[in-house]
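A, B, C, D, E and F are the chain letters, set down in written order, and residue numbers restart from 1 in every chain.
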Amino acid sequence: MGLSHIDEKGNARMVDVSGKDITKREAVAVGKVFMKEETLNLIMDGNMPKGDVVSTARIAGIMAAKKTDELIPMCHSLPVDGVQVEINCNLEDLSVDIKARVSCCWKTGVEMEALTAVSVAALTVYDMCKAVDKGMVIGDITLIKKTGGKSGEYVRQTGGQENV
Amino acid sequence: MGLSHIDEKGNARMVDVSGKDITKREAVAVGKVFMKEETLNLIMDGNMPKGDVVSTARIAGIMAAKKTDELIPMCHSLPVDGVQVEINCNLEDLSVDIKARVSCCWKTGVEMEALTAVSVAALTVYDMCKAVDKGMVIGDITLIKKTGGKSGEYVRQTGGQENV
Amino acid sequence: MGLSHIDEKGNARMVDVSGKDITKREAVAVGKVFMKEETLNLIMDGNMPKGDVVSTARIAGIMAAKKTDELIPMCHSLPVDGVQVEINCNLEDLSVDIKARVSCCWKTGVEMEALTAVSVAALTVYDMCKAVDKGMVIGDITLIKKTGGKSGEYVRQTGGQENV
Amino acid sequence: MGLSHIDEKGNARMVDVSGKDITKREAVAVGKVFMKEETLNLIMDGNMPKGDVVSTARIAGIMAAKKTDELIPMCHSLPVDGVQVEINCNLEDLSVDIKARVSCCWKTGVEMEALTAVSVAALTVYDMCKAVDKGMVIGDITLIKKTGGKSGEYVRQTGGQENV
Amino acid sequence: MGLSHIDEKGNARMVDVSGKDITKREAVAVGKVFMKEETLNLIMDGNMPKGDVVSTARIAGIMAAKKTDELIPMCHSLPVDGVQVEINCNLEDLSVDIKARVSCCWKTGVEMEALTAVSVAALTVYDMCKAVDKGMVIGDITLIKKTGGKSGEYVRQTGGQENV
Amino acid sequence: MGLSHIDEKGNARMVDVSGKDITKREAVAVGKVFMKEETLNLIMDGNMPKGDVVSTARIAGIMAAKKTDELIPMCHSLPVDGVQVEINCNLEDLSVDIKARVSCCWKTGVEMEALTAVSVAALTVYDMCKAVDKGMVIGDITLIKKTGGKSGEYVRQTGGQENV
């Protein structure tokens, strides 16, 4: 199987999906921002403005999902039906964990919307904390589930996350 | 030291930088898209359209650097002076490696611009290859160098990358 | 009834409308820019460029309706079918009166699109006149009619405007 | 004095500010969303997700300030130095009160940025509450203070707000 | 027949297409960037980076097609199904020739999307080459084919281009 | 001299202008929309809404100048100081003639801003008239003057337009 965004001459194109059916689709993606324990504590600390770091990142992720087609050159514009972004502080992994779930009824999937929501939420966490910790690392961004469309359901096998 | 994007009531704000000097600033960020060997080979293969996967991701990264302030809620708008995005296929790590270097003469740093360029280039690689490999993982996104501004030079110590 | 943009944990989300029917929807919103009589005369005066103040505000309002989902974090993207913006000088109230009518066939209503069109048209009137009058006040922005969707028709009772 | 966005033929233009000095500028604007007491209580209620309605509106306002030049046709692009948006529930007036303060060092003022931040924060409050109250009215949007630039300081006299 | 973007009072409006059927539509537009032979050779020359000038222009054209409704005030937003941009160096005419094909299933046509893709690809070619040739001319931008919708098929008669 | 947007490996980049001086710059570009006499008459006819076709195109051109860096991948963001767009009906050439003048004090020139303003104004004229004339041709888009910057003044020699 080839790379579908490329035509027979090797040129990028936006694949023509005119002939595809409109079906209900959903995608779930996750990612993490790894940081020092002190930084994580600053976010979580009751005396500290945890609320707004997390709120700001959540809102940034939701808004970014709607901009995916502007950012990713070959992505189709599509009318997203719903976006949820969950953000949790993970003391075990010393990370802020982000999960985005996007749904849509359209001809193409919403994997990129979910991954973009996670990425921009992660960048926002970085931005809100970089004054105290420049060594944070954004990683483990991956698709964990996808339903709908001709290719059917996909569930990530390894490195699993329960309760998708 | 506290989180500077938060005011004394715990509310998000865009920090006032009116009083800061305009200095030359540079930031370098890196990241990786891990994938199956077959996928990497498809990108690298001379008979395959490697050129455009990499070109599209590079251009997406450069354009995203200019949109950073639209994506990250508390980021300042600033007139970026230059952006370079390098993308290399890494057979050892089975990854596409991305490095972005952004420069600017302004009151705030360009870390977020470099990290955003890397993130969007990585998402674009994912998008261009997802028809053949849904298990790719985006990771190791981090700042490796920053110069200019009151806080001075920062060079990442661990996990180093030479030849910044 | 609760606030639908908020999940059970109090977090903002973009409500999932996958299950909602596509129906024809329309919304009409109004608003006013109150100003000094001299300012209003400058806009209306035949020797003065009335045309373009009003034209510019009308176009700004129409374009803003298409950007509503970019501005309002939890708003869904939707393919607007039509936008009309009417702007009239009101010598009795000493105001520029703005009315926007937006139509769409989609799963969610277009109230926010109509209100955004009015708001941005009002801001544009302010911008075009602020060199001569900084004391203008934008107000009375409200929804006066809404049709379509599960919640049915809404017509504002008080403070009425005839001839919707 | 004439309307500066209009040339001698009555056509809209973006005024040439090449010759103007770069000075420190600040603008403060306010506005209100009037609503039913029940709606206001839902926002304020400790059991209810007050936090996020207000957080979402604040972030929307800050992000909108950076988009002012995209929305208002004749507005100059400028590199905003800081934006603060304060939102308070006002039980006396039955309103959500919004105040935006924007600062910048540039050739033109930031009045439109402050007014746009207030307007979009108000629209966001409307959006977050419209499921329970369609009769809300956005009003009293006005500039209350402006400093910097050739025209000097402006402080609104009537209808005053203390503690600007 | 009148100009449909104008209402009976001469005001611009975004035409209401609520009542129109959703049909498959396609549009093909072309255009040229005329330049000096030396400039064209620089683009084509194997030792020179032809690849990326053409790639960058192609990607810019595809991305611009998705932004048409943001640029053209009375254009409807629509979910484009596919975009292809072909760019060829034409030694006979001393031009870079651009052709864009856009498809969509919606209530309005995609002529403006195809023309916008061509225009922005042409501007990008100009930008990439302007350091060596400021005298380039962008021209011959026109619609050569359109199918679907109530007005049916349109094929440009004069100045033809074969193999549409 | 090579193509400056390309690095030594043939990759596109956004040229680093950190070291360039800020100088006053201006650029003037022109272009034409050729059409049938009947179409031109519809625009010009006193009984017809000439005003708004021209106003809409002028405003679209001005707004597009501010979006140039979003459209052209390797273009720098810069704070435009002024934009003027003149649009005239030319009965001799059967065309709508567009001229854009852009000024700025920055490290890079504003040629692309002027050319983008002309192109988008032309596309808007096309959009406003396409219901009556699909055969219009956009052409003769070129830079006629440029001042400021290290490369100094450029004035187009051939095909001249007086009274720049």
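Going forward, a contact is a pair of C-beta atoms (placed from the backbone, for glycine too) under 8 Å apart; a residue touches a chain by one contact, two chains touch by 3 or more.
Per UniProt, the chains are A, B, C, D, E, F = Cyclic pyranopterin monophosphate synthase.
What you are looking at is a predicted structure, and each value in this text was computed from that prediction instead of being measured.
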item	value
Shortest path length from subunit B to subunit F (each step joins two touching chains)	1
Set of chains adjacent to subunit C and to subunit D	A, F
Chain centre separation in whole Å, for subunit F relative to subunit C (CA means)	31
Computed distance of Cα centres, subunit E from subunit D, in Å	38
Contacts with two or more other chains, residues of subunit A listed in rising order	11-12, 51-52, 55-56, 59-60, 63, 67, 70, 73-74, 79
Pairs of chains satisfying the touch condition	A-B, A-C, A-D, A-E, B-D, B-E, B-F, C-D, C-E, C-F, D-F, E-F
Subunit B partner contacts - residues on subunit F that touch it in the complex	7, 11-18, 69-70, 73-74, 76-79, 106-107
Complex interface listing, subunit F residues touching subunit E	1-6, 10-12, 31, 42-43, 48-49, 51-53, 55-56, 59-60, 63-64, 67, 70-75, 111-112, 115-116, 119-120, 122-124, 126-132, 134-143, 146, 154, 156-158
Subunit F residues touching subunit D - in the complex, by the definition given at the top	24, 55, 58-59, 62-63, 65-67, 79-86, 103-105
In the complex with subunit F, residue positions of subunit C that touch it	51-52, 55-56, 59-60, 63
